[in-house]
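Common to both upcoming complexes is subunit A, partnered first by subunit B, then by subunit C.
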Partner chain A sequence: MHGFANPARFLRFARWLTPLLLAAGLVITGASLWWGLARAPAEALQGDSVRILFIHVPTAWLGMAGWMAIAGASMAELVWRHPLAGIAARAAAAPGAVFTAVCLTTGSLWGRPAWNTWWVWDGRLTSMLVLLFLYFAYMALASAAENDGQGGNARIPAIFGLVGAINIPVIHYSVIWWYSIHQPPSLSMGKSAMSSEFLYPLLASTIGFSLIFGGVVLARMRAILADAQAEARLRRKAFAED
Partner chain B sequence: MSAMKAKHQRLILVLISMAALIGAGLLAIWGLRGNASYFYVPADIAANPPAADRAVRLGGMVEAGSLKTAPDGVTIHFVVGDGKARVPVIYRNIVPDLFKEGSGVVAEGKLGHDGTFVADNLLAKHDEKYVPREMKDMTEDQACKTVEAVK
Partner chain C sequence: MRAGLNHWDYVIAAYALGIGATMALVAWSWLAMRRAEKRRERSREK
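Up next is the complex of A and B:
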C-alpha cells in the first residue's frame, strides 16, 4: 500500500488505469442500461417504472461508497499522513455528491407513480438527503483548507469525513430500524428477492457505474496533483526572479 | 522510533474518537427509535389510540378480501392489519396504482371516534420482491420455482 503513497509511482499507474476504467465503465454501463431499459421485462406491480432501478441502485451504492472512500482516505491521512490520501478523499467528494443527487432524483421520479408521492420525510429518504448535504459541507471545508495557503487546516475536512461516516450505517439500516415507506433491501449476502431478469442487468450496471466512478476519481486525483505541481513550479520561478 | 510512536498515538486517538462517535450515534438512534418511524402500525394504534383530531399515518398490509367499494363508486373500505391488530379504513379518492389487497399501504388521516381510520391520502408501499409481469398470477411457490429454474 505504501508504494502507492508515492505520487510519482501513483501517476505512472494512474496514467493507463484511468482511461481503462473509464472506457470499460462506459461500455459496461451502456450495455447494461440497454439490457435493463430495452430487454428486461416490465415488473408485475410497477410496470415499466421498474427500469429506474438500474440507475437508482448503482447511484445509491456509489453515493454511499464515495463517503466510505472519503472516510477511509481521511483516516489514512490523519494517522499515517499519506501524501495521496487527502487528495483521494477530495477527489471522491464531487462524484459522490453527483451520484447521491442522481439517486435522490431517480428515487423521486419513481416514487410518484409507485408510492403516489414525490417525497416523504421517512428515515431512508431523509438520511440520503443528509448525505448530499454532508458532501456539500465536505467540499466547502476542503476548498477552504486548500485556499488558506498554510496547508495546516487539511485535518479539518479529514475529521469531518470520519465523523460524517456515521450517516452511512444509518442510511443502510433506516428501513430496518424504523417503519418507513422505502422497501427493505432486495439483495443481501447470497440472497435475492429479485428475479434474475432484474438482478443480472442490475449487477452489470452496478459494476459499470462503479468503474466510471473509479475512473473519475483517478482522473481528478491526477488533476489535483498536476495543479499542485504547476503551482510549485510557479513559486520556484517567482523566487528565482527575486 | 519517535515517528513510529506519534503514528501509533494518532491511530489510538482516531480509534478512540471513532468509538466515542459510534457510541453517541447509537444513543441518538436509541432515543429516536420511537419517533423516527414514518407511520404507526395497527398494533401501535390499538395499544395507544391517537386523539381523534390528530393527523397520523397508519401503515400495514391491506387485508385480503377486505377491500369493498361503496355503491357511490368512489368511497372504499378496507382493513389494514399487521398480524397483531386490525384497523378499518375509509377513503374517498383516487387510489395509487400499486394499491391492492395483500400489499403494503400507508394511509394519512385521522382515527374516528368509532375506531375507523378516515384517510385523506393513500401511499402505496412496494415490497422488496421484484418479479416480471408474466409471473404475477402465479402463487409465491410457483414464482419461486420459476425464478430457480431460470437462474
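Up next is the complex of A and C:
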C-alpha cells in the first residue's frame, strides 16, 4: 500500500483504471439488471417484486462496505500516516451515502408489496438509516476539517470513521439479535439459500455495482488530490508575489 | 405478497431510482474530477 503513497505514482495508475472501472461497471450492471428484469422468473411468494433484490442487495452491501473502507483508510491515516489514506476515506463517503440511500428507498419500495408497509422501526431498517446519518455526519466533519486550513482537525473525521464502524456488525446481526420483519441473510460465505435463477444475476449486479463504486472512489480521490494541489500551488504563488 | 397491488409499479420505481441515482453519482464524480484536474492545469500555467 505504501507504494501508492506517492500521489504521482497513484495518479499514473488511477488515470487508466478510473474510466476502465466505470465503463466495465456500467456495462455489467446494465446487463445484470436487464437479466433480473427480463430473464429472472417471478418468485413463488413475493411475485415480481423480488426483482428489486438485484438493486437492493448490492447497494446494501456496498453501503456497508463503503463505511468499512472509511474505517480501514482512517486506521491507515491515524496509525501509519499514509498520505493518501485520508483522501481515500473522504472519497468513499459520497458513493457509500448514495448506495445506502438507494438501499433504503428500494427496500421501502419492496416492503410495500411484500410486507404491506413502507417502513418499520425494527433493528435492520433503523441501523441502516443510522448508517446514512453517519455518512452525512462524516462528510460534514471532513468538509469542516478541510476548510479549517490548519490540518490539526483531520484526525477528527478519521476517529469518527473508526468509531462509526461499530454500526456495521449491528446492521449485519440485527436480524439475528432482535425480532425483525426483514428476512435473515440468504447468502453467507460459501452457502446460499437462493436458487441459481436469482443467485447468478445477483452476483453479476454485485460485481457491476462494485466496479462502479471503485471507479467513483478513484474519481473522487483524483478530484480531491487535484483540488489540493491547485490550492497549494496558488497559495505558494501568492506568497511569492508578496 | 399483496395480491391487490401491481408489483411492476414498485419494481419500475425501484429500478428508475437505483439507475438514476447511480448514473447521477457517476456523472457528478466524473465531471468534478475533470473540473478539478483542469483547475490544477490552469494553476500550473499562471
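Quick note on the criterion: the second predicted complex is superposed on the first by the 242 of 242 C-alpha atoms of A that agree within 3 Å, B and C clash if a C-alpha of one lies under 4 Å from a C-alpha of the other, contacts with A are read in each partner's own complex, and residues count from 1 in each chain.
Going forward, a residue touches a chain if its C-beta (ideal position, glycine included) is under 8 Å from a C-beta of that chain, and two chains touch if they have at least 3 such contacts.
Small disclaimer: the values here were computed from a predicted structure and weren't measured.
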item	value
Touched partner set for A:134, first subunit B, second subunit C, both or neither	neither
Touched partner set for A:22, first subunit B, second subunit C, both or neither	second
Subunit B versus subunit C as contact partner of A:106, first or second or both or neither	second
First (subunit B), second (subunit C), both or neither touched by A:212	second
Partner chain(s) touched by A:184 [first = subunit B, second = subunit C, both, neither]	first
Partner chain(s) touched by A:116 [first = subunit B, second = subunit C, both, neither]	both
Which of subunit B and subunit C A:76 touches, first, second, both or neither	neither
Touching partner for A:230 - first (subunit B), second (subunit C), both, neither	second
Touching partner for A:46 - first (subunit B), second (subunit C), both, neither	both
Contacts on subunit A seen with subunit B and repeated with subunit C across the two complexes	45-47, 113-114, 116
Subunit B-touching residues of subunit A, taken from the complex the two chains share	41-47, 50, 53, 75, 78-81, 113-117, 120-123, 162-163, 166, 169-170, 177-181, 183-186, 193-198
Residues on subunit A engaged by subunit C in the complex (per definition of touch)	18, 22, 26, 29, 33, 37, 45-49, 51-52, 55-56, 59, 94-95, 98, 101-102, 105-106, 109-110, 112-114, 116, 209, 212, 215-216, 219-220, 222-224, 226-227, 229-230, 233-234, 237
Contacting residues of subunit B [partner subunit A, same complex]	7, 10-11, 14, 17-18, 21-22, 25, 29, 32-33, 36-41, 59, 96-100, 103, 106, 121-136, 143, 146-147, 150-151
Contact set on subunit C toward subunit A in their complex	1-2, 5, 7-8, 10-11, 13-15, 17-19, 21-22, 25-26, 29-30, 32-33, 35-37, 39-40, 42-44, 46
